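Take this structure, written in structure tokens, and hold onto it; I'll ask about it next.
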Amino acid sequence: MAEKELTQRTAWDKVLANLRKRSLWMLHYCTGCGAVELPPTMTSRFDMERFGIMPMVTPRQADILLITGYLSVKTLKRVILIYEQMVAPKYVVGFGSCTINGGMYWNSYTTIKALDRYLPVEMYLAGCMPRPEAIISGFNSLIDKIGKGEANSWKDYYENYEFYKKNQDHVFGDIETHHDVPADGRYFGILEAKR
Amino acid sequence: MNAQTQAPTTSRPPAATGAPRMTEALVSAITAETGIATFRTKSPRRIEGTVQADALHSFAAALRSRVGFEHLSAISCVDWIAEGEFELVYHFWSYRDSHLVSARVRIPREPGSMATITDLWLPASFFERDIHEFYGVVFQGNTDLERYILSDWKGPPPMRKDFSSRDFAHEHFTFKDYEPTWDELIDGGYHGQKRQGEGSDE
Amino acid sequence: MNSGIGLIVWIIAYPFVSFSLGVLLGGYGRKLTARIQRRVGPSWIQPFFDVVKLMSKKTNVSHGYMHDVAMMMLVGGTLLTMYFVPVPGFHYFSQFGDYIVIMYILLVPPLGMALGVGQTANPNGSIGIARALQMLAGYEVTFVLTFIGFAMKNGTTSMYELMMIQQSGGVATWGLVTNPLLGVAALFCLQGMMNEKPFEVVIAPHEIATGPMTEMGGKYLGMMFIQHLINLVVELTIYMNLFLGGATNWFEYVAKLFALFTLVMSVNAVYGRFRTDSALRFFWKLPLPMAALGVILIMINGI
Amino acid sequence: MSSIITANDGRDIMPGANAPENREYNMFIGPNHPGIEGNFALKLVVEGDTIVRAKTEAGFLHRGFEKLMEERLFIQNIAIVARICVPDPDPNEENYARAIETIANIEVPRRAQFIRVLVLELSRIGSHLFTFGGHAGTIGLYTLPNWSISDRDRVLELFEELTGGRVYHIYNMPGGVRRDLPSGFKQRVLDVMSYIEERLPEYDDIFFNNKILLNRAQGIGVLPKDKALEWGATGPDLRGAGFAHDVRKDDPYEVYGELEFEVPTGEASDAYSRLMVRRREIEQSISIVRQVLDKMPEGPVWNKQPNPLKWRVPAGDAYVRTESSKGEYAYYMVSDGGIRPYRVHVRGASVTHGVHILEHMLTGARIEDASQIMFSMDACPPEVDR
Amino acid sequence: MYTQALLALPLVGFVVTIVLQGTARRSPAILKTWALLAFVAMAAVATLAFPEIGDTYTGPMVFGSSLSIGLTDLSWWFVMMIAGITVLTSFFTLGALRDTGTYPMYYGWLFLKVFGMLGLVMSRDLLTFFIMWEIMSWATYFVMQQGKEEGREAALGYLVYAIVAGMVLLGGVLFIHQSAGSFEFAVITAYMAKAEFGILLASVLLVLVPFLIEAAVYPAHGWLPSAYASSETSMTAYLSSISTRMGLFGLILFVFSVFGLKAIDRIGISAHLNLRTILLVLAALTAVLPTYTALFQHDAKRLLTWHSIGQGGYMLLGLATASTLGTAGGLMHIFNYMTYVALIIFSIAAVEYRTGTTNLNKLGGLIVKQPVAFLGMLFGIIGLAGIPPMNGFVSKWFIYRSLILGGYPFIALAAFIATVGTIMSVYKLIHNTFLGQLPERYNDVKEVGLLMQLPIWILMGVVFTTGVFPGLILQWIAKIQVGMGIVPIAWTLGGVAREAGDLNMMVVTAVFMATFAVGAIIFFIGGKRRIVSQYDNYAAGHFLNKDVPYNFNYNFYSAFDHIFEKLYHDAPVQTAIRNLGRFVRMVADYVRRFFTGQINTYAAYYVAAVIIALAILKEIP
């Protein structure tokens, strides 16, 4: 399906994607300790803004949800709320080993062990913690993916909502985000593409 | 909350004024002023002793107002599960004398209950709430024992020795591809006796 | 160029012209700030990428019809102002509305934004709007006083005529030269009007999480960006026309625009933001008496 | 008929007639908010723009370190303790190592003690530079963060060269440090120190003497002097109130007793005085680093310890304290003679600053100052959450 | 012919209403319908009376001079305003008044008040003017009494002011009659042109002070807010929109016609320092101070009544410049203000009708429930704030331009400061009522019925149309200006002719429409959008629901609060201002102590005073 979508891209889509990839805003949310490497990435030494990547404050404005490291269950709730508030296309980037397999908190009773069970992860940055260079290189590959139209993980959340919802419910029971994801998917025609 | 109004402020020596006392002088001062004679020098600038649970409040008040230990550094809790007791260790610091007094209090594990000292030290409120959350000890008189760090937590108090973080994690979280069990190679496995509920995944 | 085909071409092309200028200015501002901060900074046309990105968002979140209409009002109002501010070669509409009209239509976009933000039902946004409106009592009042003095002196309220009067004798007749007190006071106000630090109290991320923009995402934020970029040009041009003698040709116009913006952005980069009440106090303590003194001088000279 | 026209359908409930007035509303600063330090939340009840009640909420970063440490080997824990305080991790390593050393009576080579002080002070400089960035950010001055955080990177590069890690160093081992200084390292440290020293006047120009900062930070977040001790303030926050207490002086560890340095204090006890205390501490730290490099003896850096996988620390307990950049940082470690610590209690420096003192100081403050007050206390949420 | 009928109709209405009063309890519709029909008839007669402009009709002889009425351009304009707003109000009350029985004699006193106002504007001699003035004042008092309980007290406050005004006016009338020897306007005009300075000053002051009191000009404004705000809401609209302007009408009539501008300008020391300067300063104060008081009100009606005072300041500003542009602006502002304040208060009444409160801290988020009321208020506040393309802008433009070019920079600044205050307070009004979060308790609230919507729609049309085509109003104003002895304004349909200034509202509006359309196009180019729940909102990662108060409306302008909280306590200027207010209130209190607070006593005193006055009059041959 993904390939079909890729081949169906019109010239306009391609132009748009190449413009869009030049501006990526990252949600200003320090979910974990990896956030400490973000200020160096943003400021003079590594200067993320070169690539059009800026921190943005509220979920409505952000394109990238950077999960900076381990996610405690308490934070995961907020992250899901915030992810649902973000407007698509949106990309979840798992940052650090903890998002991949729990990292050094593999036996912790409060942190989740695999981020992609709860949110559709576009890409992972491995390491504990990844250096600013790694972050920038990771973002650059995200930029490439967006330019090629391959960064479509956000559609997965609409398409496989039951899977994510089931896992979320398993961890902390039901939460009220006031956001009807499947209805959203139908309204914006994201779910149609699947059929 | 109202610590500032209730705290005895009269005989409190101004911080770090007056000549610092030597350790031996301090130990005898503690004995003299608080009437508890268990305190001994442990190491340089460290004094420790045991206090009965019901005597702690008056001991702490005397220590603060009459001996000059103005700073509550921390309250630690240790779960001696084998003895069925919680050990609360109150760490007081004297700015004047640069000494730390650790007062040990043993309380029964069930029901873990202790008198608060929040009326003497505001910071005690944090430590007591912390111990309440993580061990389930109830501090009588502390009005602010609401869930704080573990506000979304539904399990048992996690710092108790009979709670296994590893088991909990395996039951509640999905792992990716592999399940790390290499630690069982060390010292006969995970805490020796745990993991008997192996494979129960309901 | 103020009649016939030329006029129609201008009317159609002008929004694009000023948007492009705004993009360049915005990019330049960010680049300049980055250089002051010893960074490389983004692309020169980064605002353009941002706008395209925002406008092409797949899902957009609205809080109601007023929220939608507000965005149209925001962009519409700014474009409206843009037409009434004379620029070299295009001053057709200034005969239908003088600066008093501009002064009031400048309030249309903020009003639109205020209404839209109000409907987003977020206290962060409402506080931002409350701050924005309170700031009007600081910079806008002062700026209007400088304008009143200047208009009184020259006997006209038309911005085009004021501009022409200043162009009559080169630099010596510029408003900033003939009425330095008014010009300098208005410069402070310009900083406030452009909502740059130290008067950037409306969009204060650390205090009220970007205020009015809080609930704006996707095309809503995109339209706010478009408005912001055009507004950069409009506000700088207003100051330029009132105190820097406007411009006779586009080269001069763009040069003055960038020079003025350099000043604004440099101040922006090295100051933090005031509290709202401190900002108001500042305006009432320094620029307002300065402007009042300037006006009194004009009145004395008049008598 | 008339009911259609007038909509007078008998539903004249008029629900607002006796409704209460909504005066107070909630404001949330954090966790997803730029005005918060890390993943932490201030839940404010506000009336107009004045905070009526403030409540902090922590636990977003809770990983259960104390539990994890009980379930891991002594040697394994060295790797995770640093994660407890992210911007200033070394006091954790120091505390952890020193607690074991105290219980097991392990001698630390003198050179290692100097190196530990070096690492601690470099970490302090980095942490303070980081805080300046955050504090400047709260008043919207983004030039300073750009400068100070990239200058902090020079310190991080030194760490990287010394320990292999930029942020987390895993360098202090019980019994010493992991490896000796690389060749030429001393000179590079000195270069960075003089660079930072040169930069400080520039910071003064743009930040510490900035009119806006004076306007905003002075008189804000006043920690009443008579309450500073009572509320348990420590570190720069206590020194900002005029009390010259410093664990390095009062309860000296490693070789601090042999080094000369001042304990800067402030007078006004407001956000600005705390900020200035930190600024002057950087100068002191630079001086300490120079002294350490000057006085550092030759010798081994690590007393070899037994097989880490079978290493049993004798039964006993120890309460060790360190002066971190945030304040008094203490570990209470209990060993029952096993291969794992029986109990490690982490007393973060921010448990008082970030929770109760902050709640007290925010009450009656204005929302535009809330974030600045938080940063001026330099509370570090992971220390609270553990 | 129609002129007399016009005056007779409300009087007949008054009598019939008293007769019909018995039906009010059983079936309110009868009374409501009767009132509406009578007022519509009145409006029709007023329109028909148009050809009779300039004619004078004499009535019964009193004290040797006959009472005379007649229409001039000015008075016909006022008559049309009165008729129009009365019809709209009575139409609105069809739906808004749930039970006329709750407000006994609501319509009766309204008829009497209309009679007084019509008589006032149509009077052609001083005595008629005075009599009508008194009828109007008393009717106003009774009308105000038809409100809530606390309205009674407030109405009494008004009465005290009104009686003082009436007494002073009576003195003025007698004094002028004694000096000029006649009640006739023409005779007075001729006399005043040559009168001694002292006599001129005394007569001008004696006449102007009551007008300024009635027009609630600072510092004699204290009676207005509580008196208006505690009236029944539809009546608040009526009172705010037209009743206060009767004082201004008197001022226009006497300053420009009866005394003549030349005579007035003799009172002063130079061209820049004369009576008009004092009026300008008073007007500027009236514009600024009440507007900023409005900022801190928590009740929608009270907030707007403070604006009634403040906007009166604008009108006086324009009129006091006595220039072509200024008077045009002042006169136009009377009309404009009438339309949009009625519109705003009707919208508030619609909200109050459903929610039962006008307290701004209890409302919120009603836009989704009452969109028409919201739209009405939106049009109204755009007008009130003076933002294009609504009509409020045009009149303010005139006033500004006249002030700037007339050489009053600081007065113009004061006007702008008041505008800023107006914008702030109207935003607070609309935000707290319609925007922000909708409290759970208003989930069942619905839009009001068509009957109540219609006046809102009509006024919206008027506000917009006269904003886009100010020429519709300006053509009349030009005529009035001729009658006032001022060079008439060179109007065009869209504004003013080129030589009088650069304003063409048609172009401005057309461009606005076009640019708005561009905005809409850009909006629709962007992707689809979905309306979400108000709880799906940024709260820094916290979960919102109906139990989390997340709506900012109390103490909306807190920075101002922080700045002025000190000023309120110890600044000399504020103290002086406060003391002035206190002085006026003290005088009022003193007068009140003289009266006992019993309405019959008031009446007795009053009758006595009139009898004494008549006795004096008798002496005059």
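Each chain carries a letter (A, B, C, D and E) given by its place in the written order, and its residues are counted from 1.
Just so we're on the same page, contacts are C-beta pairs under 8 Å (C-beta built on N, C-alpha and C of every residue); 3 or more make two chains touch, one makes a residue touch a chain.
Note that the coordinates shown come from a computational prediction; the quantities given were computed from them, not determined experimentally.
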item	value
Chain with minimal offset from the mean of all protein Cα atoms	C
Per Cα centroids, the chain farthest from chain D	E
Taking each chain's C-alpha mean as its centre, the one farthest from chain B	E
Chain pair whose interface holds the most contacting C-beta pairs	C-E
Euclidean distance of C-alpha centroids - chain A vs chain C, Å	36
Whole-Å gap separating chain B and chain C, where each centre is the average of the chain's CA atoms	60
Distance from the mean Cα position of chain E to that of chain B, given in whole angstrom	72
In chain B, residues with contacts to at least two other chains	151-152, 158, 163, 165-166
Junction residues of chain D, two or more chains touched	25, 31-34, 46, 49, 59, 62, 64, 67-68, 71, 146-147, 150, 366
Set of chain E residues in contact with two or more other chains	527-528, 530, 532, 536, 538-542, 550-553, 556, 558-559, 562
Chain pairs that touch, as defined at the top of this document	A-B, A-C, A-D, A-E, B-D, C-D, C-E, D-E
Residues of chain C defined as touching chain E within the complex	15, 55-66, 68, 71-80, 83-84, 93-98, 100-101, 104-105, 107-108, 111, 114-115, 118-124, 126-127, 129-131, 133-134, 136-137, 140-141, 144-145, 148-149, 151-152, 155, 157-158, 209, 214-215, 218-220, 222-223, 226, 275-277, 280-281, 292, 295, 298-299, 302
Chain C - residues contacting chain D, complex	33, 36-39, 123-124, 127, 197-198, 200-201, 204-209, 269-276, 278
Sites on chain E touched by chain C in the complex	365, 367-368, 371, 374, 378, 382, 385-388, 393, 396-397, 400-401, 404-405, 407, 409-410, 412-413, 416-417, 420-421, 423-424, 427-428, 430-431, 434-438, 494-495, 498, 501-504, 507-508, 511-512, 515-520, 522-523, 525-532, 534, 536-540, 550-553, 556-560, 562-563
In the complex with chain A, residue positions of chain C that touch it	30, 34, 37-43, 46, 48-50, 52-53, 56-61, 205, 209-210, 213-218, 221
Chain D residues within the chain C interface of the complex	25, 27, 33-35, 46, 49, 136-143, 146-147, 150, 206, 210-213, 215-216, 366-372
